[in-house]
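The same chain A turns up in both complexes below, where it pairs with chain B and then with chain C.
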Partner chain A sequence: MGNNPSSGRGISRFLSGRFGRKLIQYALVLFIALTINFALPRLAPGDPLMYFMGQEVNTLTPEQRDRMNRELGLEGSVWEQYGDFMKGAVSLQLGSSTKYGKPVTEVLRERIPWTLLLVVPAFVISPLLGIIGGAYAAWNRGKRRDVLLLAGVLALESTPGFWVGMLLIAVFAVRLGWLPSYGAVPLVHSDDFSYYIEMVRHLILPVSTITIVTVGTSFLLTRSSMLDTLGQDYIYMAEAKGVSRRRLIYRHALRNALLPVYTHVTMSLGVLLSGAVVVETVFSYPGLGRLLYESVVARDYPMMQGVFLMITIGVIAANLLADLTYPLVDPRARSRKQVKEAV
Partner chain B sequence: MSLSFRRHSIKLVTTVLVALSVLAAGCQTAKPEADGSAAGAAASKEQQVPELKIAVPSDVGPLNLYLSSGNENMLELVYDKLFSPSPFVKEPQPWLAESAQQIDDLNWVVKLRSGIKWHDGQPFTAEDVKFTFEYYRDGPSNRYTHHVSEVPRIEKIVAEDANTVRFTCAYACPTLQNITMADLPILPKHIWEKVENPRKYTELPVGTGPYRLVEYKPDQYYKFAANADYFKGKPVVDSLVMPVIKDPTSMFNALRSGEIDVASRGVPPELVDSFKKLPNMKVANTTELSLVEIRVNYEKEPLNQPELRQALSLAVDRKAITDTVILGQGRPGLQGYPHPDSPWTNPNLSTPFDAEKAKSLLEQLKYIDRNGDGVRESEDGKPLEFSLKVTATEPTWIRSAELLKQQFANVGIKTNVEVLDAATIGTLGQTRKYDMYLSNITPHGVADPDQFVMSHRSGYLWTKGLAYPEMDALTAKWMAEPNIEKRKQISFQMQELFNRQPTSIVLYYPKENYAYRADKYDGWVESPGYGIVHKYSLLPAEVKKAATGTK
Partner chain C sequence: MKRNMSKNMGILGAVLLGLIIILAVAGPALVPYNPTEQSGLPLQAPGGQHLLGTNDMGQDIMAELVEGARISLTIGIVSAFIATLIGTVLGLISGYGLGWLDALIMRVVDVSMTLPFLPLMIVVGVYMGPSLFTQIAVITLVMWAGKAREIRSQVLSLRSRGPVLAARSMGAGHLYVLRKHVFPSVVPLMIPQFVRAVNTSIMLESSLSFLGLGDPLSKSWGSILFYANARSAFLTDAWLWWVLPPGLCIVVTVLAFSFIGYWLEERVSPRLRAYTGAFSKLASGRFGKTKKPNPIAVRQPDGASAEVLRVEGLSVQFPQPAGTVRAVEAVSFTLRRGEVLGIVGESGSGKTTIAAAVMQLLKPPAEISGSICFDGKNLAQLSPVEMNELRGSRIALIPQAAMNALNPVMTIKSQLAEAMVSHRSIGKAEVLQRVSEVLGQVGLDPKWGDAYPHELSGGMKQRVVIAMALINGPDLIIADEPTTGLDVLVQTEIIKLLDDLQQRLGLAMIFISHDLPVVLRLADRILIMKQGEMVDEVTAEALTASTVHPYTRRLMDSIPRLRAKKAASVSSLTEAEAGGGSYVRI
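Right after this comes the complex of A and B.
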């Protein structure tokens, strides 16, 4: 609180520094994104009253309409609502969902763990498979296995998620009866242990679906980046001095080839929070993606804003993370000062 | 136009993919197992069933009447009405009420059953009934409001003693027992009088009904437990688990794999046969008391001309649509509006297909193809061209719209089909920015005679204040008529008038097929307008029979 003259200068120095400049940039992006998040849902036709009353919405008088909007917390001009929304976004007071009748933050808190449970494993497995496969294909470039792998991955990459999901359900749930086809938890269970086992069983098909649909990108990135790297002189050098093949691929070449893949994976972390709308719908999974879909159908503005806010923050944070950590993996992107420190 | 075309092709690809995945799942039918006929025997006798899994297509909130509408099947597991099962049968049976008596044109006295308790143990009394009717009338609007405040208008509700309620209407109300009391669920006063904002009330409901909602996870599942003290007898299924499965294909896959016992969504026509062949599976065919219609914007030029609307109706070949699009799973809409299976509908209504008559009507209106492009123009040269909007999530409607486009073209009317999302069409409907769109109406809309009058005041079938002298005269007569039979006859005249210049052109009356595992439970019965998944299916045989009039 005291009047410390140096703290003001400290802040301005901080803000003009590399990190500070980034921060201001990101704050600006966040502000614009939030404004769009507020405006877009309201530009779409439809309103929450329709959802509540169905056809009977026509029977409402203008007074009843106003009253209903008030009861739903949608009173006030658009500008007032915008002001409230911005204030709320900063303080995480996101208002009350019109569909669920509960505070938005509470609904989000219920859904986020489910989405993470579903998406995190997929985001670990998918790049891992992609990278290993990509490196393997690049090393065997032009051979039969490369062509087959490439064709297979391209086919998977271009398959819509819901279709993969339905096929998996048709085979593993309906025909073989091995795995459950819907939901996140068993509706009836004997004890806690079987509950958790069932929870994992419920994850297998949706996680596989996301993995199958997303594995292509990291595979293709790794493969092409590896092909570049494998043509470099230092690889010939390493090969000439008798480095083993596995070491050559995975230590010498892959480490350098992974840079673009690293950026891709870090940045796609941001999508984690948006869940997987289609997969969550096909598998009736109670995550954020499905929540977003339901909110759009119900024109539940506060809820939509809440989910969009999560996605926006996620994407921006992931970008920031990629931005800030990239110098750690790629020495060429380090600033002069960092290089000096490292030396 | 190009946009709608693109959406079409996406839809087409989707349909093909869905069909393929269903085929993949269907291969299992060949598996030889116990034959289906013997399967139901186990559960059919009055045996207590411990648990059933019933998939529902959407989350409808914590069964709060103020948070969503159109979920009466689930709502009425928890709540009861004075008369049951619904206004859609000839004679609703006394339920919470013991009897109802019409004293004179305006007054009714209702005796309530005594000894009924709410789920929390509080006694059910006349005060609850009085509170409910007044709350619907004066409180926040919901779907029941105008059935107390307008058609009919109940002026005064007096609890004369703990088991007697007196209703006084503002104008004659001969259908109070058969319609109103069979429609409105009764709420507990001791709970709802304390609710501050019903639109934010998320506590689990307390009712008098056969089931208590014991657990609810939004977008995941509902769990109900039987109310062992139910005044109509203990339900035959102890516990109901209802997962929410939004995606239709996923729901039917879950039914195939045995993860659920019944789907509360109708089986699509193309899958019915494959489901009938599955071991232990039965398919119940029901009439839906709903209809698929073209809504016509009667406020907009030139559709405000009654004869033009009549010509449109005559130009529709309903049989061709039923045969081609819904594969016979429904009847062509040749008896117009409202639904012909309602006891309140004029049995002599007729809306035939007659392209020649349509053409001659158009000619009389001076719509003639003056430039030879196949599209008629008005005298001032404006082509007879309309947009027809269809909901993107309804493939059968989209196919119907394509047929309609051809049928209208045959009489010289050009139609542009636009595929949009449901909420967008809803808004265009409310703001009257449309020519025509496809829609469907629920039983409440097409089987309830009070609602027919209400819909002419609400802007659904007609708008209050817009000139319509013939209908206004009939409505005035209708409102003054205290005799239920005579009033019905006036309703019949209104319906005839309506179908001569329809603002809703009925395409077909869908049938629905509900598939269920007969080895798990075989006691399902149809209640008109409710399908098979409703509380009466789960009550002891005697009660079930009395309430639904089935075997």
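Right after this comes the complex of A and C.
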């Protein structure tokens, strides 16, 4: 942004600005998430070592125990442990999974692409449907179709995602046999092309589930924002100017109504990552969410914390993306310097 | 109508919730089975003995649903209550407290709202071990922050309201203000917050239980689905009675709470309540029965050839539940080329409605009668497309609120250009040239064309809006209080500009204002409006000399005069302090 970060005053000004404050907040969120990870195994009842090693811990001799405590950073004062933990976290040492017997980061790396494959299409489809529906409902405010759409969306908003997933499986996978219900790719696959086809087929039900349960938020948001915008003076002015109805709806009303929706949608990428926990569990999809569930079932604490941290990072990244790109859609958020140049 | 809809939603919600509560309370008496014991064959289909069949362990599903209702409602209500309570206390402290305390609390709120709630609940929940207590604790943990933020913003808006400010300025202590003013207003706001929190926490509970983090000793609806999923209920027909009912119970309960919450919120939230008065801007006229048309005779113009606009017997009314609002009644006037007609009246006298009616921009609930002829054509008989062709091209509007009349995401240039290309197809270069020209005409450097509205001052925006009205060379301009919201100096400049342009371009103009001195300066003839009716129509000269109608006389007399000639600017200056004087600011 317009400031020069190399000078001290520039930095302090930058950090007290809107964007700077956001950055501090995200750093704080990351720090808190790490602290939660640090504190939980130490505060929870029982032997902390158990949380790192699983049930194996009961078979250890006292000497082995001491060695493990040393290796896992469970020795020394709390502050020393805390410092070591943070250092480890910065260099992405998140311990190793008791279930997989591999470093947590390695398992995470295997799973992330699958989750993205699932979340990104939903991230595109769901807001698109929500925005179109919301704008349509707002334009027809108070009419029967608006009320029906609204009631339908409220019902969807009240529906748990896992239940939608289960029903979709029961109907489309089991009854009709149209689509696979399990995993991301078939266990046996022949050539390359059909492999990708299968991959897409495996995506349809989980992506639909995520879309169904998230479409309501962008619908409601677009609708209320659009209603707000339609009452604005510049809409009246545009109408008085004689612009066509289409232009009035899209160029003037929807364009402005989408500003708050834009932020929400971009940030929802992070929310979708958390939401994937439930949906991936239903569809046994090998992503981060399913990994979290599996580690909960296996009480694989390091893995669980790793996923929590990863999803937190995802949320922060989504928020950052929203903050950074917002000026592209709203000229009022652009820095003053650019404005001066333009004028 | 909107009101009714929300009330119906509230009733529907209450009925649905009532059903669920009956299920939870009276259920054990109606279902003769224990949900934790085998009471039939595994996966028995619904029938006489087991109303909803059995699960794979032979447990009665109906009995499970009853227990689930108790668990789900308990967790939902308890954790929502705690979260709302914590949120309210912190929101009050934060919204009413000292700067640093507010900053600290809001920082914590921001951070906890950014953390991904579901994984957070899972991680904390796993360490705490599955139990009823764990569920309530983790749900509260992720919900308090949102409540604190909402209550805080409501407290902030309360703080700046009259009674609180008045009490503070009379030296009332913080505790007194909190107890007497803030708390009584916050309590009704807490209720919808609580209802919506129940709604969220029931959803959260079901997700947690579905992931196996529910209390293993007592099954909620989510836990039933967890077992159904773990044992692949959907591979057989059993999903019909094992998966469908608990899910429906969740949907019905959550929907019930969200309906009730919606209804409550609309009842208490001032922001939403204001919404029902959406037409107040246009229809702030009086309520009442039909009155006889005003007896004032329509004065026929001598030369009808130069006539631009003829309005005859124009009435506008807004049917509303409390009675029809008559915004304009039996108004008639004509306007010739090069003539300026002033319309003067207090707020709510129907001036703006006349402008909107001539532009054919009144929206459906408005009922219009009488005729409006522009250039010999009855506007009401034109198709929407034909009318759109006239609007902005031959009849242009300078609207009341220039501050917000420009689209914030479009440059000045593109908004001006849009007004042109909507009416004819011309080359880009030509458009840009005309844009520069018209910006120059209103006294703006053409370089401002690249700016966005927020970069302009109020006076500059007003100039842009005037440029927009001029750009297509209209025959008629309707200036609807074009100086509202501008400071006095700028007002004078804008009036001068309009005066100049009108004379130079020979425009026909309707100039609407509550500021009689300003109108006197511009208008040839003046229409005096009162409560939607025309009480007088006079020429400017006649008005300054002597007047017929007593209301007009009173208006004239109310203009404070230091020196008669400077009346215009003086009256504008006194506006600010004229709260007490009844007719100074009409």
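As a convention for this text, the second predicted complex is superposed on the first by the 255 of 343 C-alpha atoms of A that agree within 3 Å, B and C clash if a C-alpha of one lies under 4 Å from a C-alpha of the other, contacts with A are read in each partner's own complex, and residues count from 1 in each chain.
Just so it is clear, a contact is a pair of C-beta atoms (placed from the backbone, for glycine too) under 8 Å apart; a residue touches a chain by one contact, two chains touch by 3 or more.
Note that the structure is predicted; figures quoted are calculated from it, not measured.
Asker: Looking at the overlay, does A:Ser284 come into contact with chain B only (first), chain C only (second), both, or neither?
Answerer: first
Asker: Does the superposition put A:Val174 against chain B (first), chain C (second), both, or neither?
Answerer: both
Asker: Between chain B and chain C, point out the one touching more chain A residues.
Answerer: C
Asker: Considering only the touch criterion stated at the top, classify A:Lys102 as touching first (chain B), second (chain C), both, or neither.
Answerer: first
Asker: After superposition on the shared chain, which partner residues are touched by A:Val307: those of chain B (first), chain C (second), both, or neither?
Answerer: Touch status of A:Val307: second partner only.
Asker: So in the superposed three-chain picture, is A:Asn256 touching just chain B, just chain C, both, or none of them (first/second/both/neither)?
Answerer: The second partner, chain C, only.
Asker: Applying the document's definition of touch, where does A:Met226 land relative to chain B and chain C: first, second, both, or neither?
Answerer: The answer is neither, since A:Met226 touches no partner chain.
Asker: For A:Lys241, using the defined touch cut-off, is the partner it touches chain B, chain C, both, or neither? Pick first, second, both or neither.
Answerer: second
Asker: Tell me the contact category for A:Ala318 with respect to chain B and chain C: first, second, both or neither.
Answerer: After superposition on chain A, A:Ala318 lies in contact with neither partner.
Asker: Where does A:Arg67 make contact in the superposed view: on chain B (first), on chain C (second), on both, or on neither?
Answerer: first
Asker: Under the contact rule defined above, give the chain A residues that sit at the interface with chain B and also at the interface with chain C.
Answerer: 44, 51, 160, 162-163, 166-167, 169-170, 173-174, 281-282, 297, 299
Asker: Along chain B, where are the residues that touch chain A in the complex?
Answerer: The contact residues of chain B facing chain A are 17-18, 21-22, 24-25, 27-28, 51, 53, 59, 61-62, 64, 66-70, 140-143, 145-146, 197-202, 217-221, 223, 241, 243-247, 249-251, 253-254, 256-259, 421-424, 426-428, 430, 441-442, 445, 454, 457-460.
Asker: Once bound in the complex, which stretches of chain A touch chain C?
Answerer: Chain A reaches chain C through residues 25-26, 28-29, 32-33, 36-37, 40-41, 43-44, 51, 142, 147, 154-155, 157-163, 166-167, 169-170, 173-174, 231-234, 236-245, 247, 251-252, 255-256, 259, 270-271, 273-275, 277-278, 281-282, 292-293, 296-297, 299, 301, 304-305, 307-308, 311-312, 314-316, 319, 329-332, 339, 342-343.
Asker: Once bound in the complex, which stretches of chain C touch chain A?
Answerer: Result: residues 1-2, 5, 107, 110-111, 114-120, 122-124, 126-128, 199, 203, 206-207, 210-213, 222, 225, 228-229, 233-235, 239, 243-244, 246-247, 250-251, 254-255, 258-259, 262, 278, 359, 361, 384, 388-393, 396-397, 399-401, 403-411, 418-419, 422-423, 447-448, 450-452, 454-455, 465, 468 of chain C touch chain A.
Asker: What does chain A use to touch chain B in their complex?
Answerer: 44-47, 50-60, 64, 67-68, 71-72, 96, 98-102, 107, 110, 160, 162-163, 166-167, 169-171, 173-175, 177, 180-185, 187-188, 281-284, 286, 290-291, 294, 297, 299
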